[in-house]
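What follows is subunit A paired twice: with subunit B in the first complex and subunit C in the second.
So, the complex of A and B:
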């Protein structure tokens, strides 16, 4: 009797199976909601909050101003214009000091020292002309702007203003399927794309974060501004009377930066509707209370966490690149160096898309940092054209005045089309290796890292190819 | 130079041509794969199962119509299924054998689980779930569906309100009544929204209807139905209304679902959260709950972005911006007391008198 009435495990399971249908469809949701609700109830009962009414009103007043319909956007533009102006104006002097110190003082000393110890010429070349020079170049161009931009940006962040920027701009980003906080990682990208990659950590929605990472490269970084300014000055500024030259070349550079912002939106839109459409997407934006910025702490952390971190990664990549740059220019196969063979091989394709073999090779070997693209281009041009009396020898990167640069590039067969295409390609090509590596560390995904590297590269080739064809068509017609 | 650009045009043409060829070949290959016999056979089993449940008959013609293949191929397909012991052909009527029924239930289980997965764990838009599950259902083995079910916490219903058959092929079906058969004034709950055809379904989704939604019928006539749900009046034509099934109930179970949406709250006004709409799913739902938006929580609208969206709300002492689409899915009761308190004293005195 007792044995037969005792249910077996099968009976219990069977009964559970029938009963689960009676729970109702929202059973799970209700259960979770109850757990959350109970947690909130316990917290409300146990936690007392000090009355903070005055600060609360102060916050509300600032919020009313910085997010108002009239002042919201002008305040934002003024603040960012100020940050960029301070960065560009402030970085000039220390950049020159560093370059005098590292390139004009230490470099010859090292050269003399190496020769003095009795290093063979190739070892001196590899270590001093290749590795040391590339590293010194990256440091002197990269360090000052970053050491100014990052603390300023971090101060705004610490004060609590940046989340309000995301709040103001979210609608714009929403239309392209992105998150308002992407405005911040994009701004950070203008300083350095690798730092921009790290900055996307603030976006907690997986889809929007990937969008922000893949499109960060379209924010014209600090390493590419000098390239743009140089090429715009010597080629585009030269088209107009001298008193207009400054204005026109500055507009050309600004136009490129704006094109980058436009591409950010277009590519974000396309990504969110194609490859990323299945990724999970959520939105929430917390607007923390304002607080007085902790200036010293901010400067310390932004220099250690952002500046030194990015710089270290760039140096790690610059060392092997410096070696490669020197080696390809100095190892001969037959009568020519490897660099000349590669340039000759790449030239037809380069010319087809309105660039040339030198530029393509420079973009391959200068992948660690966009800062060394122009020095590499100049060195390779001198090498390929066999000019004498300029530059410092095979494999030694250099920079020179605008007049000499123009003379070298014209000897290398440069045209206005090539200059325009170089500016476009500098904006739309693969991110530097530091950025690619940072993206891989952040996502842990080869797939998305490859997409972030190859998508802009492919787009860049298509863009310069189309520009070249249209340009030539118009040239042929007139 | 002229030679240069002629060459480049030829090259560009070649690239475009190659692209077109590759694209076309891919399309052909995809069509072939989609049309493979196994997949078609599984679709036939599903078709017969559904028809039998609705007491409709399936003939050779309806099979060839549904799969869009010539009758000859449909005939061959049915013969193969017959040989596999999944199908009986009884004088023009098609019936599933017990093993055929089990097979069909497995496909339905895979389909509904996958829809549940898409709804909870991915960001695909609602109108795409059915189409994607139609393809995926053929590539999930019973072990896969079991693992998926466990991962999702063994859900009982798909996002359209259909029950998911259990691993042993058990299916508990609540048959609702068509929306248009509901008497005026009656309270009811939507239990099912038919996801085919897609154009009708996406219209219903756009209207904001979902299974579990509570409604109150206002008017039924030959031109359609009119009903209240979540504080909004809805109108449906007879055809879409026929695709919605409901179960009548005596009293509103969840007053929260009859409140108003957070997005109507103007800056400076207060509200009390009544609940979250079931359409707020997966990661988004968890995020909102993490922020402390729970039944009973008080919410104050603080400010609207200068670009119109999002709006910032004060929730449990924190200022949190939510987009309009999210605020639409949070049901609240507007608290008017606050606005009274903010009015000058004289106004309050006059109200008291």
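So, the complex of A and C:
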């Protein structure tokens, strides 16, 4: 098969090097030019353009408006405000139906069935009060907003608006020393931070990719909205007359989301000037043509692929978390349960930073999924205050009307400050364990993963502490 | 009369090869024992993922922004008793420069040795899209150009002579609007014909370089052909080496390129002849 004169790989490489020397530097340029020239020639032969340009260019016209210096940002802001408002306003009713079905109808049935079969009390507690309730809560609180948000977001994406957002934000990211494409991974993060972590793969430079990963957590993810929405509705919406409540709470949530975007820039800027110093890479972003969204298909796929997928993951994490919550509330050491011991221990520190022990413990227990923070808080509050007549007992997560929720939280010593700080802390704290794990898998680095987890947590503590001090100072002055 | 016509129409349909597209079976991710591997390449945002989903019945997330597919996605389909594995590559503008996306795409086309490469192009931006097509034609012969987004081209009043384009490129060109399912039957049909060797491609290769460059390419590719007589794209390898492509030099050193020549080709009726390397 082989001839004796067969050149080796090294011979070929050596010859290539000699030839390259002769060809000179402009070879690459020539090569590219030739390909482009040929492409242009062939395209020209095949394409017949219309005689005259159409007078009205739809894409250009829209682009001129949505990426304009004056209107670009307001339009972006209004569009997202609209999406948030539709999500908040639209999710209420189906959420209520689901909770009636899962919590008021199915839950007693399950309880009765378990007792009927003759389960010992602790097994019924663990399975029905712990695991089932946690799952049911997650489903009823998360499903409706996600089923509204994801299709809306996907429609914007399908239409071609997202690259325009990236275009608008590009300059800001560049000035923060980050990559313009980070706008796209941040957008993804608004849906789910774990998905945002994967989306950073579009960024080639490792330095800028790390910045995008570490700051992705500041994009308020889907799991944190129910918290934001609920707290904004019952504490902030309650400050204004009822007809304004929806608008004001939506603005509060949007404000938190915007604070997240601001923090993204600030932290990107700080990182790119300290531990992740380096050149900003340039890239060309193609603005794709606007395409009429296929509405039904988008709704179908975004519900099936995104909503059910994210919901399923939340359920998977809610199951063990439900069990843990029930256990810490029901295993006693001395006269108190583990949960009560921990709350008592954490309370002084919690109160100092304008939160409380319950919230801190809830964040520890709920690390797998941000969406179960509120139910955990409610359950632990009832447990800690020893309220009677509310809820279903130790370790039982429950949902009640917003009025009852307010009553429970106020009995637990909650103030407006605590509500505001909870909203802030929900935005600025460690990412959920899925996101942390995803980042570890993507980077393979413990160091960077740890930084991504601990940096926002530390910032969160500082932030709520400062807010609490200023708040108290103002309160004292008034 | 009307009835006869209907019957006639039906018969005509059954005789038409496109009719068999009805036998297309979307296998989703079930792609065991595939007979052919099909790569799906193209510029970003040309609807590759939409074509991929339409052919495999999968619902890989699609979005209207470039760079959305960051890894390769795989799916399967069955057509005419044969199983095809479809690999959706990240969208790239070229295979010349080096970014991760381009490397993934190029490595797959080069080392993965797909039986067919579908290059999805945006009919409204043909000139820029052909850059990639021409580069892919340097690496592999068995290419089908998917002239996608024909609906948008029509909307912009563009007329595209797909037959002339096919003649110029030396590979089949299939106009489609994947979003609306237009032209996919013919695409699957063409893909299978190329895979089975019923269509023999004679890809267009750029010849009009300056004489000095042409001479260098000729000398080096002759040398490469001597070392690896079965290598299908010696000319392209020569080009890459002359361009100082470290990845290809590395592949040559490690013998990965040598392995390419030994990869068993599927036995198909009328085995595709390697495109004649017209002396440059």
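As a working rule, the second predicted complex is superposed on the first by the 272 of 478 C-alpha atoms of A that agree within 3 Å, B and C clash if a C-alpha of one lies under 4 Å from a C-alpha of the other, contacts with A are read in each partner's own complex, and residues count from 1 in each chain.
The working rule: a residue touches a chain if its C-beta (ideal position, glycine included) is under 8 Å from a C-beta of that chain, and two chains touch if they have at least 3 such contacts.
Every value quoted in this text rests on a predicted model; they were computed, and no experiment measured them.
Legend: residue contacts after superposition of the two complexes on their common chain; A:469 is shown touching subunit B, with no touch to subunit C.
Once the two complexes are overlaid on the shared chain, A:32 sits against subunit B and subunit C alike. Of the two partner chains placed around the shared chain by superposition, neither subunit B nor subunit C is touched by A:209.
Touch criterion met: A:42 reaches subunit C, while subunit B stays clear of it. Within the superposed three-chain model, A:20 lies in touch with subunit B and with subunit C [touch as defined at top]. Once the two complexes are laid over each other on the shared chain, residue contacts for A:179 go to neither subunit B nor subunit C.
Counting contacts by the rule stated earlier, residues 20, 23, 27-28, 32, 36, 40, 49, 204, 285-286, 288-289 of subunit A appear in both its interface with subunit B and its interface with subunit C. On the subunit A side of its complex with subunit B, the touching residues are 17-18, 20-21, 23, 25-29, 32-33, 36-37, 40, 49, 59-60, 63-64, 67-69, 72-73, 167-172, 174, 180, 204-205, 207, 277-289, 351-352, 465, 468-469, 472-473, 475-476.
Every residue of subunit C that touches subunit A in the complex is listed here, in rising order: 44-45, 59, 61-68, 70-71, 94, 96, 99-101, 124, 126-131, 133-135, 152, 156-162, 164-165, 168-169, 179, 204, 206, 208-210, 212-213, 216, 219-220, 223-224, 226-227, 238-239, 241-244, 249, 252-253, 255. Residues of subunit B that touch subunit A in their complex: 1-2, 4-5, 7-9, 11-12, 121-125, 153-157, 161, 163, 166, 168, 170, 172, 211-212, 275-276, 278, 282-285, 287-289, 291-292, 294-297, 302-303, 305-310, 312, 316-323, 326.
Residue ranges of subunit A in contact with subunit C, taken from their complex: 3, 5-13, 15-16, 19-20, 22-23, 27-28, 30-32, 34-36, 38-40, 42-50, 54, 154, 157-160, 162-163, 166, 181, 184, 198-199, 201-202, 204, 285-286, 288-291, 294, 301, 304-306.
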